[in-house]
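The following blocks contain the structures, represented as structure tokens.
Next, two complexes with chain A in common: one pairs it with chain B, the other with chain C.
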Partner chain A sequence: MAAVGRTYWLTEPCRIRREDNSIRVERPDGSPVRIPITDIRDLIAFDNVDVNTSAMSLLSRNGVTLHVLDHYGNHAGHFAPAESMASAAVVRRQVELTADTAARLAVARSLVLTTAENLRWSLDTDLLAPALDALRTAVPTCEDTDALMGQEGNFRRTGWAVLDTFLPPWLRLNGRTRRPPTNAGNAFVSYLNALVYARVLTALRSTPLHPAIGFLHADTDRRRNTLALDLAEPFKPLFAERLLKRAAAQKQLKESDFETDVGRASLSKDGRKKVAALVREELATTVHHRTLKRQVSYDELIHLEALKLVRLCLEGTPYKPFRPWW
Partner chain B sequence: MFVILVYDTAVERNPHVLKTCRKYLHWTQRSVFQGELTAGQYRALMTTLGTVIDPDHDSIVTYTARSPDFIATSTLGVSLGGPGDIL
Partner chain C sequence: MSPANPGNSGNPGSPVSPLDPGEDDQSLGGVHIKYLHHCPRQLWLYMRGYRPEARSDLVAFGEVVDDTTFTRRRDVDLGEAKIDWVTAGAVVHETKSSRAPSAAHEAQVRHYCLLLERRGINVRGGVVHYPLIRRTTDVPWDDEARDLAETAEADAQAVIAAPTPPDRLTRGKCRGCSYLDYCWGE
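Coming up: the complex of A and B.
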């Protein structure tokens, strides 16, 4: 990952144009913003964005990914630079590992367990202990990834019910719904999950791994990049559930930040800005990494996670999913 | 590194210098740019600028610091630079 370069969050309808081999963002209020191309790592579009091929080819040449979120915060797609990190050796090992049921299950099991523990950590409660114990006994008996996903689903349902106890009534999830999310809490979680997925995808693009060859999620899972879904799992509690709980406790979210309709909800314009600011701040948070012996940001943790998988493929180092140590 | 770049060039060469700087740095004021660069990007920028200006007449000054944290900035009057990274 480039040491320099920022994520730009486009929360308003705008137009991306190429100017002097750099990027100009035209906004509805008429004031264009010029962004130096070398300063962009990726662009995340929350709203309608107009982009043309000459701008896209410039983005591609500079290795910038453009992520698009739809109105309800689902990851609608991304425009990625033509592959430059490609390595047949890594991809071949990745395919071999995922085709080998034992190896695949080992990674999938650790992903499910770690995600569950991360959720317990992020909610910081003992209420999840029985569910976690049940999951710990159930996971070793699972013979395929579908069964694992089922067990994970059970645990997540309990987790969300517990999360609801920390939230004000209007923000409660009342059961996770998506496509579209039915209430404010679900809309928030959807947006955060899509953002984590986008971050993971950006990180995977900077490694030779193929984002579609995953360990845990089914190969047919909405035809998405299953490896990115896998890697996003352990990070979702750190961002989605934890931020929701904190934003509710600090009363940062207001009902006017959401556009609620019958049976569907999404973030309003101000809500999008607020969420973008929340996530940006969170991604920049640093912790001391004990092996690297230096401060790393949450954003970099995601990148390190992708590198762990490269190491699994090339050196056979057992993969230990991310777990907060602080 | 964090770079502040100030240029004072002849009118006919201004647009060229401006365009080159826009590729690497954020515009802060009429002839002032700032931003974070890697050492390589900084070198690339300076080399390109070197080919654009007339060394007998024009002048470009850069101030560099290891990180923006080392520099305190304050503005009087209108803030002309961009709105940050949430657009």
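Coming up: the complex of A and C.
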């Protein structure tokens, strides 16, 4: 994307301070790291951070978001710049579109179907063909987003069961659990999903859209940024399930990368670093984009996806969710 | 000013939304005229609040140079464009970081001349400065120039008021435009 600056991943407890126009990250061991503010697009904290108002105002003035993940990898919240790029003209249209049942369902249906296709692509298996066929039949009959979410849930459950067949026993999901994740596999998926959500939220905040006005997720969702939840959907399989399958195949994950307790699991300190490295590498992976005629990173794909929704709101261009073309 | 939010700082005060009929539709700034010349679609999108340049360093630099917006709210303040008062008249000086003189730059200066004249100032003309190539372009101010400036202003207002955006330029002409990801990232 046009944005300068990168995502910084804070995998260890640290203090964040301001030093002139830089952010100083102080870790308990090691000398502090100074990052020019213009080099930062967002910060993702995997562990405790201690940040003061002086640093926060520098972040805010430069449009930098600080995302906080909790111990189990849930997106606990974020500190966002005071000024948003939201524009009344776009948000008004966004509200109209989401209030229009037909328009809303069109977007929600394509999100559900594409996400399912993407999961099949990510797991690279024929085992999901019957479930996908069933979903294709069911989706057009869904008359509201609750019904769609139900169908999506069915498909997802099948998907996770299929994913389990590629995983060693200790990494299997055995059903998706979230708060807290009950085992290593679920902890991994939770972290990855939270990271995708954080990236999507950052991308949305650089557009005139309002991140809390969504199409698929219900307004009553416990997380209020339903548009960010929507937009994260088609990317989650690319990052979460696909990386889990690959990490298992390449034996990149060890049991010691997780802290497992009875009925709860999270990444260990080393695990967090490992996952941050995996995701960073993945976000930087590039593919050739046909209409932009240049290499784009997976991270930019998220940004481009947000722009598609801006086009939907500004110009009525139908939204076709991201689908890997490579 | 904060490079991350130029859209809210140096730009046309609070940009006049075409959807806000209460606002004065005369307060188009130099940025609008520049965009009109570059690509009307860009102007349309800009006015609806899509401003990708807000996060680009390159443009942040351009913003400082271009921070020449003139609105009712400010007095005779053309930002970076300087005004020389020669005997009984004003000369508008505009500095560009570009290496290529363009019609858009002259149009921008004519726009400032028009705005000044409307405030009762006797305008002599303008000059565009290109320090990087050590060149200047004189922009005369006469009846013909006034016509051009008024036409550009009316064109800009027509573009802004249109319910749908103008078509994209041909792909080749979009090179370097900060709206490229939006227009072509389908």
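We take it that the second predicted complex is superposed on the first by the 320 of 326 C-alpha atoms of A that agree within 3 Å, B and C clash if a C-alpha of one lies under 4 Å from a C-alpha of the other, contacts with A are read in each partner's own complex, and residues count from 1 in each chain.
To be clear about the criterion, a contact is a pair of C-beta atoms (placed from the backbone, for glycine too) under 8 Å apart; a residue touches a chain by one contact, two chains touch by 3 or more.
Note that this is a predicted model, so its numbers are computed, not measured.
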item: First, second, both or neither for A:L229, with chain B first and chain C second; value: neither
item: Partner chain(s) touched by A:P208 [first = chain B, second = chain C, both, neither]; value: second
item: Partner chain(s) touched by A:T38 [first = chain B, second = chain C, both, neither]; value: both
item: Chain B versus chain C as contact partner of A:V196, first or second or both or neither; value: neither
item: Partner chain in contact with A:L10 - chain B first, chain C second, else both or neither; value: first
item: Larger contact residue set on chain A - chain B or chain C; value: C
item: Partner chain in contact with A:V112 - chain B first, chain C second, else both or neither; value: neither
item: Contacts of A:L128 with chain B and chain C, given as first, second, both or neither; value: neither
item: Which superposed partner A:V25 touches (first chain B, second chain C, both, neither); value: first
item: Residues of chain A at both interfaces, chain B in one complex, chain C in the other; value: 2-4, 38
item: Residue numbers on chain A that touch chain B, as the complex places them; value: 2-4, 6-12, 14, 19-22, 25, 27, 33-39, 273, 276-277, 280
item: Chain A-facing residues of chain B, complex; value: 19, 22-27, 35-38, 41, 82-83, 85-87
item: Interface residues, chain C side, partner chain A - complex; value: 2-5, 7-8, 17, 19, 45, 47-57, 164-165, 171, 178, 180-182, 184-186
item: Chain A to chain C touching residues, read off their complex; value: 1-5, 38, 41, 61-64, 81, 83, 85-90, 92, 206-208, 289, 291-293, 300, 303-304, 307-308, 310-311, 314-315, 317, 320
